[in-house]
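Next up, some structures in structure tokens.
Shared between the two complexes below is subunit A, which has subunit B as its partner in the first and subunit C in the second.
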Partner chain A sequence: MSSTRFGSRAFDIFNVLVMIAVVIVTLGPFWFTIVGSLNNGLDYLRGGVYFWPREFTWANYRAVLVDSTIYQAFMVTGFRTIVGTLIHVLFTSLIAYGMSRTYLIGRNFYMAVIMFTMFFGGGLIPTYILYKDLGLLNTVWVYIVPGMFSVWDMIIIMSFMRTIPDALLESARMDGAGEYRLFLQFILPLSKPVLAAITLFNGVYHWNSYFDAMMFTTKDSLQTVQLFLMRMVTSADFAQGVNASALANIPSQAMKISPETMKLAMMMVVSIPIILIYPFLQKYFVKGIMIGSIKG
Partner chain B sequence: MFKKFIGQWETQSMVWPGIIFLIIFSYIPMYGIVIAFKDYNLLEGIAGSEWAGLEHFREFFNDPNFAQVLKNTLTINLLALAVAFPAPIIFALLLNEVTSTKFRRFIQSVSYLPHFVSWVIFGGLIINVLSPSNGVINEILIQLGILKEPLNFMGEPHYFKYILVAGEMLKGLGWGAIIYIAAIAGVDAEMYEAAKIDGAGRFQKMWHITLPSIMGTIVIMLIFAISALLNTGFEQILVLQNALNREMSETIDTYVYKLGFQSMRYSYSTAVGLAKSVIALFLLVSANYVSKRITDKGLF
Partner chain C sequence: MKWSLGKKEHLVWAAFIAPAFLIYTVIFLGPVITSFYYSMTNWNGLYKTMDFVGLQNFTQLVSDDKFLRALRNTFWFTLLVVILQNGLAMPLAMALDSKIKSKSVLRAAFFVPAILSPLVVGYTWMYIYQPDGGLLNELLAGLGLGSWQQSWLGDPAYALYGIVAIVLWQFVGYSMVIFIANLQTIPGDYYEAADIDGAGGWRKFLSITFPLMAPSITINVVLASIGSLKAFDIIYVTTKGGPYYATETFTTLLYRTAFTESSFGYGTAIGVVMFFIILMISFIQIVVLRRREVGV
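Then we have the complex of A and B:
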């Protein structure tokens, strides 16, 4: 008996150590990035800055925030995050509501048409050709329109709407309210928990996207923050160029910034909105994925 | 029937925009796949381009890059299947054994974070940690005497798969575990009580009750993982790829992208993409079939 208790105790200690290791490995890289971004850029290049800034400065953040190209990229990303998410949630929930009505004629047929797209698709080039023919290339709408609807989100919203008791709608129906009024006045407010989850997920998706910007736009004015950051991370020349333009803007900071530390500062600036909404995300996403997993 | 249809026109009109949307954005690109069998050029359009038969598919075998690209894709995904797939399951099982609720919540919160950070940032973090000039990993390895001088990890083609899979594992650890944690929460508490009376220890309970109870979920996730064996995604690879590691980091997904967007070989790129989708569909159906035969569980 005592040996089991000892084994159990040893396991507890081992388990806590594993968990602490997970925490360190997850948060460590963020910490090193914060430290680097707050360190003098030229000093950083000498190496050895890990746990605490050696020569503290805000100059890297200043350099990132005065750049007009970065500002433009933030505007583009902000626009797609707000407008794209709103349209996505409204459009997807409208279809989800229609599909949640079991009396709908042709419902199984519609469902088959919808589900097939989850398992097979046209691929990159046919999609590109389509966007070209629709005139979506090199417009901000290429970020919004193709993302208006998602089958996965529809299924999650639909399974939630099915759980809303029909009795709640009965009296409104008696008063002669049409389906659109029911949808706007009753269904949407009642679906708040699932809509909040989908809104947050989709907002994060928009905030984090770079691939569509890379494929479907060539103009610098349509660059998203993530694409801008991607170029800084993967191309030393690009980071050099950003650094040079920052120096032209704020020559007084010349001795304090380098492409390397500006990159780290930019990474933090782009992460901050995610970290800020993180508490809300946490509250809703577990619910969201639970609802999804019942169906999936 | 017709009258009933007219009677519900409002509900019908809610669904149609979605169907029309999918016809435009999913089914028209599926029609666009015919360019894999044509010599597509932008001027003549899909309908106007000449038929090429199976020429672009035959090209796989003459393409000097193709074997390497296929090998990279499979190596990365098999490694991911061996390491990154079981990691969230083990994490969920271990998390379930953490006795303090507060500590458990804290760990969960931390472990979800990487999922919500973009691959650009996460890849940037990885590159930063591994950097030869300021990377903490190099510093630690040198302090421990394992390395003599800093190693440029991102520039070593052989390390690419380990770095990528470790990154994917860390990014998906907490998020991937949610579904298993939910399954564990659904296990009947009476079973644990009964096992306790029978004198089962913690490991025995984990092995004989928890694990079998979540087997259904594991099998379904495994079916998805197998059907994605040729999938690597673009985002993480394009961030971590560089000129030095390209030889080992080019996968089917990134290759299709580069053939299409950089070499303008539209038809060939589509053919490679189509072959990949068909194999993925085949893998999905077969994994599902095998699973149904063996465990009686499947997707459809």
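Then we have the complex of A and C:
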């Protein structure tokens, strides 16, 4: 008996050690970025800053936050995140409700057509040509319109709406409620958990997007924060430019910043909003995925 | 009592479906259909003129070394990610579903990388993999393993594995959360009954846990496969398919062919082949894995 207890105790300790190792591996890379971003930029270039800032400073954050182009990029990303997500949730839940009524005429046809691209977007090239023909290139709508609808999200919302009993809707209909009132007064409020999940996920998607900005826009005024980050990291000239404008904006901090540490600060700045909403997100994540996958 | 449905209701439901369906047809379905056409032309994407070349692009693909290498890389990459991601996520999920304290904090920690933007993830790891002064090489030196130091993403022998490691870092937590949700649906009675019958831990895993985990295994395998076959961001951000094409996959080859080498027609043909391969693989996986699933 005591040997089993010893065995299970040893197993527990082993388990905890493995967990600690996994936590270090998971959060370590992130820590390394935080430390670098909080270190004096010129000192950082001497190397060896990994686990704790050698010369602590907030200057890199001040430098990236005073920049007016970054501010502009935040406005663009904020716009697409808020407006894009709201429109996405509205349009997708409208179609999901229609499709959740199994007695809808032509439902199987619509479903078959929609499932056709479940695994595949149109491909980059034809998509580019289409956006060009539609006049979406170099407008802010190229961030909003293609994201108005997603098959996966529709399936998740639809599966949830199917669990709303028909009897409830029928009794409301008997009381003379029209379909639109039904949708607004019953369906949407009852679907709150799944809509919350979709809202959060779509918000994260918009916040993290860089590819559409890179492919379909060329104007600086349409730059998103992620694209800004990308240009900062991949183009030395661009990073120098950001550095120079920071020096002009806050000359007193000149000895504390470098393009290198400003990149790290920028990586943190674009991640922090996501991490802040994360606790809410996690709660709904499993729900959303599980609902979707049962039916998917 | 069944509510009788008039023409009017159907029109109203059609109105629910119409906006998103229209967007879907134009934005998603349109490019899929035109991509079949472009894939049979020799269009370079710049001029208005193009010739219809039938299946020539496809026959050319069969003997194209670059394409065959990308095909090999994509499959090898996908196989590694699917096996390792699920192989790591399953034990983690079981550990976190059991009696460890503070498991919700751990769960949250493991999931964080999944919501970060691909740019932030890619750049963080580029800093870690840097040959000079990168965290990984410094750690190896610190452990007395200086001879193991590599230019991790710069050496064709290691680059693909370096990217696999990044993908695992980002998504093991994601698969884990799905496994945990499934584990929680398994009734505790089953294990108690097995205890009474004198079943050991391994036996319980094989006879109870593993079979009842089938639904989440299906989801995780399919999601990881589609995700890896279509992986673009992380490769584009870190290696762009290099060095010496060591990390070239479908998507990076498609991107390069179309936008760097201006062969829109040929690039689209790659996309069409990719579409059928993904469709086939997901279909086979779903059929095979679904057959294993049993109800609780």
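Convention: the second predicted complex is superposed on the first by the 278 of 296 C-alpha atoms of A that agree within 3 Å, B and C clash if a C-alpha of one lies under 4 Å from a C-alpha of the other, contacts with A are read in each partner's own complex, and residues count from 1 in each chain.
The definition used in the following text is that a residue touches a chain if its C-beta (ideal position, glycine included) is under 8 Å from a C-beta of that chain, and two chains touch if they have at least 3 such contacts.
Small disclaimer: the values here were computed from a predicted structure and weren't measured.
Once the two complexes are overlaid through subunit A, subunit B and subunit C clash, as defined at the top of the document. Of the two partner chains, neither subunit B nor subunit C is touched by A:W152. Look at A:F238: by the touch rule set out above, it reaches neither subunit B nor subunit C. Look at A:Q226: by the touch rule set out above, it reaches both subunit B and subunit C.
When the two structures are aligned on the shared chain, A:F186 is found in touch with neither subunit B nor subunit C. Of the two partner chains placed around the shared chain by superposition, subunit B and subunit C are both touched by A:Y210. In the superposed model, A:Y44 makes contact with subunit B only, not with subunit C. Contacts of A:L104 after superposition: both subunit B and subunit C are touched.
Of the two partner chains placed by the overlay, only subunit C lies in contact with A:E170; subunit B stays clear of it. Residue overlap on subunit A between the subunit B contacts of one complex and the subunit C contacts of the other covers 12, 15-16, 18-19, 22-23, 25-27, 29-30, 32-33, 36, 47-48, 50, 91-92, 94-95, 97-99, 101, 103-105, 110, 113-114, 117, 119-127, 129-130, 134, 146, 148-149, 151, 154, 178-180, 183, 204, 207-208, 210-211, 226, 229-230, 233, 263, 267, 270-271, 274-275, 278, 281-282, 285-286, 289-290, 293. Per the touch definition, subunit A reaches subunit C in the complex via residues 12, 15-16, 18-19, 22-23, 25-27, 29-30, 32-33, 36, 47-48, 50, 91-92, 94-95, 97-99, 101, 103-105, 110, 113-114, 116-117, 119-127, 129-130, 134, 145-146, 148-149, 151, 154, 166, 170, 173, 178-180, 183, 204, 207-208, 210-211, 226, 229-230, 233, 263, 267, 270-271, 274-275, 278-279, 281-282, 285-286, 289-290, 293-294, 296. Touching subunit A in their complex are the following residues of subunit C: 1, 3, 5, 9-10, 12-14, 16-17, 19-21, 23-32, 34-35, 38, 45, 92, 95, 99-100, 106-113, 115-120, 123-125, 127-128, 133, 135, 138, 169, 173, 177-178, 180-181, 215-216, 218-219, 226, 233, 237, 254-255, 258, 264, 267-268, 271-272, 274-275, 278-279, 282.
Taken in their complex, subunit A has these residues touching subunit B: 4, 7-8, 11-12, 15-16, 18-19, 22-23, 25-30, 32-33, 36, 44-45, 47-50, 91-92, 94-95, 97-99, 101, 103-106, 110, 113-114, 117, 119-130, 132, 134, 146, 148-149, 151, 154, 178-180, 183, 204, 207-211, 215, 226, 229-230, 233-234, 260, 263-264, 267, 270-271, 274-275, 278, 281-282, 285-286, 289-290, 293. By the touch rule above, subunit B contacts subunit A in their complex via residues 1, 4-5, 8, 10-12, 14-15, 17-19, 21-22, 24-33, 35, 42, 46, 91, 94-95, 97-99, 103, 106-107, 109-114, 116-121, 123-129, 133-134, 136, 139, 170, 173, 178-179, 182, 201-203, 234-235, 238-239, 241-242, 256-257, 260-261, 266, 269-270, 273-274, 277, 281, 284.
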